[in-house]
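Starting off with a structure, shown below.
Chain nomenclature is as follows: A, B, C and D, assigned in order of appearance, with residue numbering initiated at 1 for each chain independently.
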Amino acid sequence: MSLTEDQQWLNVRLRRNHFCKWLDLRVIRAADGEIDIFAPWREEIVSNPDLRFTHGGVLATLVDTAASFAIATRLGRPPQTIDMRVDYHAMAQSGDLVARGKILRLGRTIGSAEAAIFDTANRMVSSGRATFLVVESKPSATNAAGTG
Amino acid sequence: MSLTEDQQWLNVRLRRNHFCKWLDLRVIRAADGEIDIFAPWREEIVSNPDLRFTHGGVLATLVDTAASFAIATRLGRPPQTIDMRVDYHAMAQSGDLVARGKILRLGRTIGSAEAAIFDTANRMVSSGRATFLVVESKPSATNAAGTG
Amino acid sequence: MSLTEDQQWLNVRLRRNHFCKWLDLRVIRAADGEIDIFAPWREEIVSNPDLRFTHGGVLATLVDTAASFAIATRLGRPPQTIDMRVDYHAMAQSGDLVARGKILRLGRTIGSAEAAIFDTANRMVSSGRATFLVVESKPSATNAAGTG
Amino acid sequence: MSLTEDQQWLNVRLRRNHFCKWLDLRVIRAADGEIDIFAPWREEIVSNPDLRFTHGGVLATLVDTAASFAIATRLGRPPQTIDMRVDYHAMAQSGDLVARGKILRLGRTIGSAEAAIFDTANRMVSSGRATFLVVESKPSATNAAGTG
């Protein structure tokens, strides 16, 4: 864990999220517009039990979370996800993963960020990008939902 | 549950998947190229604990799963996901969800399907589409991973 | 051409766009949240000269335009595209095309719409969806660009 | 133009494509898995005639073409596009553009590549990624179409 004292809030914020907490995600590095998130292996995230690779929905969660928290490093909070694309490059076999997120463009209303997921052999198993609503809005007034 | 005896394998296949089992997903309707999957509420899928809506990664899992199993109704097995797009239309607040998947195009090598997710008020909270590798391939020879 | 007098502005607006005019696109049907756009064949939109199918970029233009003008039927103007996904289902061989757009969700800030493209044999050759910024914004203040 | 003699085929291949020729696209740099393509301004690619920015469909064409030709540097030919995502980051105002493509993953059946488009001020106006079918297939047997 190499977060500065000023960056600890990212981890606190991440783990207030029930699903991220269940996945036991942890922010392990943060910089301006960039984030690394660690995802430990757990048996419940297996997809096909014979081939034993990680479920694509869990990889999508990591892309969404890393992209969202890359924006959080600059915005001060994770924004709402509007839409997301995820590419599956290779089977992510049983083992810990690291998701690296990076801002593509942060505007006043809309932001976008990309993320890539690496296995313990540092092979990119999945990557993707998402669009976020960065303007603060009342829950009832929004028309998008996401990681926030 | 309105599956015919011939359709029971879809549910058996779905629930062999550890992550789908943990989410307690169930196939509740199947037809040629179409599927409805039920996702019961559980506290661990909450995203923001104050606003209490469902995590975008769980919705992405439902899009992936419903799209994949729509293809399974015709292919006889869920195919591997190559890539996926998910749109978040509205916050999915605490409550059960239904994901409806439908084939867009099923070719010999590649297939695509779309899915939409509805809350208990039958409001579409999320939708998306995915591309799948439908040719059977040895795990070591593939370059895509997914729900299979 | 089956546009009512009240719908003629859609065609006028579409054809003010230089690229849509060069492609000779025409709105042939409009309803609340829905639009049909006709794209006549022209030799310059061929991709591979041996196989003679329509370039994927032209099909992407049709998805963008039909999705954008589906929103225009309700918004009164085409919105700015934030991002888009296009799926290529089959080769679109030399011949006229029709693109059908439909709103998925229209919020106050963000909207999304889908579109499908059909050849003269009514085969779906391509389809996709896009996210739009629907709030009116000064050009200098925006962070997205598109069909508008 | 800084192509070696061995790389000239990329430009010849690109310009056999009618739509790329009409857009007057030119390969200006190529390396293993990477390509830079130059797109000169022309009046017909204007979208909104008042704001005078480049049409999103033309930017999508550049993303598709740069991603496809990034794969061509290794494959020896541009592959067929299966699907594509394009993000519009800023309005691309009148002026020349450069599209830079880069392979994300090249497998035996499927490949993926990303591309970003820069204006004359070197500002990233758009970016995206696409999935390609890289196995050679008879036109009649394929179920995807694209830049090839």
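Simple rule for what comes next: a contact is a pair of C-beta atoms (placed from the backbone, for glycine too) under 8 Å apart; a residue touches a chain by one contact, two chains touch by 3 or more.
Note that this is a predicted model, so its numbers are computed, not measured.
Set against one another, A-D and A-B show the most C-beta pairs in contact at A-B.
With centres set at the average Cα position, the gap from chain A to chain B is 20 Å. Distance between chain centres (mean CA atoms), chain A to chain D: 28 Å. Among all residues of chain D, those that touch two or more other chains are 82-83, 85, 87, 89-90, 105, 107, 112, 131, 142-144. Taken as a graph of touching chains, this assembly is fully connected, with contact between every pair of chains. Residues 85, 87, 89-90, 104-105, 107, 112, 124, 127, 129, 131 of chain D touch chain A in their complex. On the side of chain A, the complex with chain C involves touching residues 82-83, 85, 105, 107-112, 131, 133, 135, 137, 141-144. Those residues of chain A that touch chain B in the complex are listed here as 16-20, 22, 43-49, 51, 53-62, 64-65, 80-92, 125-126, 139, 142-148.
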